[in-house]
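Structure first, commentary second.
The first chain written gets the first letter, and so on, giving A, B, C, D, E and F; residue counts start at 1 in each chain.
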């Protein structure tokens, strides 16, 4: 069984699990490193950063205190044991889903999306995934490794079907990945592309995974593999607001890397995105 | 009486007070901290940074040496004594104004704007304030505190009338603040909105207060409360040039926070904005 | 004679000099410092950073492994002896050119462009230079010094003729420099201006020199003299792709300054630009 | 009434308050800043850092899991309201003491010691205080302010009597402070001086307050007012072990300042000292 | 077969493999992370840092140019594939040993010592290992993992016999580790203990492994798991000189972690230790 | 003629030049770089840091306000023109000496000592120099350059005679330098060696030059060429106090390098050393 470690609560968290529709939890997996690591420190940094932001959202004219979410804490992961870690993430996700709640996840590295999707797929058979990322993460394997932050979306595609994977903002990958994604749902990151994707997925449940490196490194310097040429914070915030008509039933925000974030602007942006996505998940009356 | 401490002179300062029309001075108030502090170190960092810039302005085709400004130095403030500090700031501002000169101020935190406005209001009865900021700063009180960087524009509004406060670039606040500002002069930060505001204020004296966090944290990471989603340096520089027809009789640049500015780009941007605003204040012949 | 020190090879380098059409080499000159220095550490940082990027280019749909370039290493420079350093840079450039290869250079400070141009001019009589920079670098002398990063483009103009110098993105300089460049080829940095410049230079050989400070400091904080108000990474990457019809016979990327680049995003951007320019230099079949 | 915010638990914390003899709690007061601030971020940094250390103590041959302590979390403090903050700290301290438990406190700034001592004095009439610090903190007032990190030990002396204050490692102060402390218990920081002080205080209850700046800045760079010339980590660890025969009934560790601690070595040292002092408080059977 | 990537040569390297008695090589393994990672970047940082030091050693009155060592470069390791990585390290070590040369290794994490010892043991049956470290690294397994930086010395002990392992400077570990090492060769780090160990090992071949975290974090802040309370640089340099009578046939320097080394002092110290150990390995005529 | 730029005054400076016996001034020369540069930023950082220290000295029981020194400001130096810079430094030094005052200098790089000594020698024919440094700086030339931070003490020795140069703390150099200094006054840095040197120099006027890198990099990380193995802050402070019987008629503190000093501990130590040396220069009544 899993163990949830107590943490500083994210800004605006309810006091108890039972009263919440959305469960925030962190999975500090930081294992399948390629260039540089440190995402294990992201949950602590993002929770601290949330207190630099207002409870009231200027964009949506709503207050985070009105959102029924509970910050459960951090899943304890066995150091260096990847398969058990993935299993635990799947288990805790199933528990949240089984309680008829929505998972809202702070990573950790991108690989955590895979076990969450496995858990969600059991409940939501027609699940679609919206992936905001600079990189495809569609390799079949990486240096012989099947489960890695570089292969995670390939694994996700195997679970939900590649046609149900919508990728936004991708600007780096291999030819193999580009070919694999061909004909599928590759988009730039914009309001327009979100609208198109919503239309295509017509009301089906959406899981949103946000790799913070989808932003240009100017806006998110503290990431494992910065990829120049991405959108700005304003562009992503503006685009996200178009998802308010989507049926988002879970999300994760991954790959914030505090050791490379000396001004903590990446953690603050991560916290900001989490708040805005929480508003997206809770429909206005 | 106040005491002005000598400092390294800002790039292009005249040698004596008497010959200058504009008096640059720093108020290192850093007292009403919320998230993180350090603005007391801004004046020193910004003056040093000014020497990384050219004396000639490409935008305005003018030379800073042609601007009649004098860098007076730094006001000595009694540590931890807020009310005396505010009084001293008001006194020195009155002195400058009484000498028929324009104050040009380097903060310190945003609260310094309040005593400056009190001093200016005595001379300029029809004063309007242009406030560039990510945050309203319109709370009536903050944790029971009446004078704080989170309430400063409310206090300013009480002095000049809320209808004479023009805010630009605001993207964060509480519902109370948004309601308070309703019907008043809230703008995005753009050339167009500057033009409209100039039209509305038709020739009246303008005090310009620039909270550096109005910029996106990518462009100004070294601030106390970074708020993602703001404009770029180019956008603000372009917009500012539209103020050349305004009757600017004073300004401040506040909230640069050097401990969070490892590449010193925020201090350099602060110095750049000061230079461009100095050009705005001194009309071409 | 010069000595080339072995280095970690840039991503995708061929194994031998002989098989390559393009020779990558670093000149760690860091001598004529004005505001702050450290460009001597750029080659090592940029080579390391190259491994954070994919071998496959998403923009051009090509693989860096298909580009016939060889990373020769770093030229050893005699510390503090500027004239010998410039001579050695010219010598090694001549060697590369004499072997019918194209030089691809990692700086070091901007002054290195001058001896490279001297070497190229001997072979390419109708050479034009495309200079991407925030600063003119067109002073005739700087504090009495004739060879400096602040005068380098003046020296280059003397070699190739000022009419053959095309400058893009300049936003800082003196009146003297602006006057000197009057009537010549000053452009904003955009696809359109690249197209115009290509048209004007109609097929003549182009040397491309990229001072990384042409970008806004948000995108390139790790530079010697950050100048706010520049383009974004995306803007420069988009614009560069318009040069694919140009006849680029050499380039340098200069002024990356690792001591002011705590998240290494400037080095990564430098590596990215080098890769994209390598693609520009090697025409598709 | 006070509110305790949940936090990540310090390494080895018991699961419930009731079973613990020692209650760890953080008071993030960061208000009476002089040179530079940021101690509000210390509790989060120190708790994170505790996980870099072993549960087993090499020095004492004991395991932190055997110590009956519970990490209660962080006291919520009203921003900017110093007197209420001090009252809340006193209240929560009284609660802990009233439950027959020992307070173990993570600061925050040094001023927090004062309300804790006030609470302790009610129970322990013959209380002595051992103060490890680089600075006297014995000013009567500081810029007219009576309650400040620069006056805290003067206030403490007023509560317990100056003869019951033992100071160790002091190397900075004013003449006024030195005179005030004359004839009292001023010591260098060493095993010998701890032995002497223990002898003098012969079995009376001891409160230990450790200002991390007692160490040389080489060992604790992340502090508000670094004072060169202090002892090393090894010296302080060695000396502390001589306190094992003392009757320690509470302690605090204050003034860790994460914004100036880029390698987190100060936070790690803070966590290490807390662990070793916890061992001191719990006698071996 | 393995592949050696070219690198910037360490200060004073000979030009060819064949002429050298000692082969310097880097193994950038950074896989079995516990607290924080980044040792993969150590070889590049240490090689760069070596150029900040003099070629002449003040202590030994010798010149590094007189030492017959060759910097071969960096072993290419398959990302994420630990067992192949360990095999490759063993293979390349065997090659060096097979050529009758001494391996001199820059890590990477401490686990690299294990395959090197396996290779050495085949040639030197009576091998002893001198281990300078803050941590035992004697766990039998770590979170179920058998090969890790936390178990490496246990694995080494299995190869050479625990009685042939001499540990110096250990100040952190578990009870299990302390028990395992009981009765064996545990020493403080001092000249005296080196002398004793040399006496005990009477002329047998010695492999020296230096985990840089043996130093106090003040002297080596850039490490994965800083452990306060260690010796100073001067203490370790003084002690090392007592090994000049030892028969050192190989060494490694591991666990430098550049992301946490903002002043690069840890890399410089690493380079310094490598130079001094190279002098130890090459006897004076 | 020279120009002195106004600066923030060092802690405790008198208000006017005329009333002071000691003149503090900064020479921001940062030209003859070898490993890394940035000493030009030292004067500003050290002056700012002085305000973190007490006016009262615990060691000497005196107050800095009682020392008759005046902080004149910063000498303007022509960028890139070394010979003129050295001439200006000599000129301003002569002016101070000619006014029967003692120069107290903040560098800048170590080369500034040479022109100061030239100026002093004209007045003090029997001058001796006490040099605290990690490096000899006794090369005859460095890469063909005669005036450099690596040759400065050779130049000084030529002015005063090598027998009048006392060096303390040297631990790095070339064989050539060691030979040159043979038989002369090389000392470890200790109270004892200061006593011996005072005895030898029996009352003659002493100029003290302190290269901050004489300290171990743990205590002074922010320097150009850190050399591991040096003394601690406490050791140097203790030793310095033995100079109180010396006849110090001037001093400099050089080579603080703020870009590599993220916690500003090096600047603070620099300010501390300046204060303590000012006390040494002003004899108690």
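In this text, contacts are C-beta pairs under 8 Å (C-beta built on N, C-alpha and C of every residue); 3 or more make two chains touch, one makes a residue touch a chain.
Not measured: the values here are computed from a predicted model.
J.: Name, by label, each chain that touches both members of the pair chain B and chain D.
T.: Touching chain B as well as chain D, we find A, F.
J.: So which pair out of A-E, B-F or E-F basically repeats B-D, with more than half the contacts the same?
T.: Checked against B-D: the matching pair is A-E.
J.: Which chain pair shares more contacting C-beta pairs: C-E, or D-F?
T.: More C-beta contacts join the chains of D-F.
J.: Going by the average position of its CA atoms, which chain sits the greatest distance from chain C?
T.: The chain farthest from chain C, judged by C-alpha centres, is D.
J.: How many angstrom between the C-alpha centroids of chain E and chain D?
T.: Distance between chain centres, rounded to whole Å: 38 Å.
J.: Rounded to a whole Å, what is the gap between the Cα centroids of chain C and chain D?
T.: Centre separation, chain C to chain D: 55 Å.
J.: Check each residue of chain C and list the ones that touch at least two other chains.
T.: If we look for residues of chain C contacting two or more partner chains, we find 36, 41, 216, 218-219, 232, 260, 262.
J.: Each pair of chains that touch: what are they?
T.: A-B, A-C, A-D, A-E, B-C, B-D, B-F, C-E, C-F, D-E, D-F, E-F
J.: List the residues on chain E that touch chain F in their complex, please.
T.: 51-56, 58, 61, 63, 216, 218-219, 232-234, 237, 262-265, 268-269, 272
J.: Touching chain D in the complex: which residues of chain A?
T.: Against chain D, chain A makes touches at 5-9, 41, 44, 48, 74, 262.
J.: Which residues, counting only chain A, touch chain C once they are in their complex?
T.: Per the stated touch rule, the residues are 35-36, 135, 170-175, 178, 216-219, 221-222, 225-232, 260-262.
J.: Which positions of chain A touch chain E when the two form their complex?
T.: Chain A reaches chain E through residues 30, 32-34, 36-38, 41, 78-81, 142-145, 148, 259-260.
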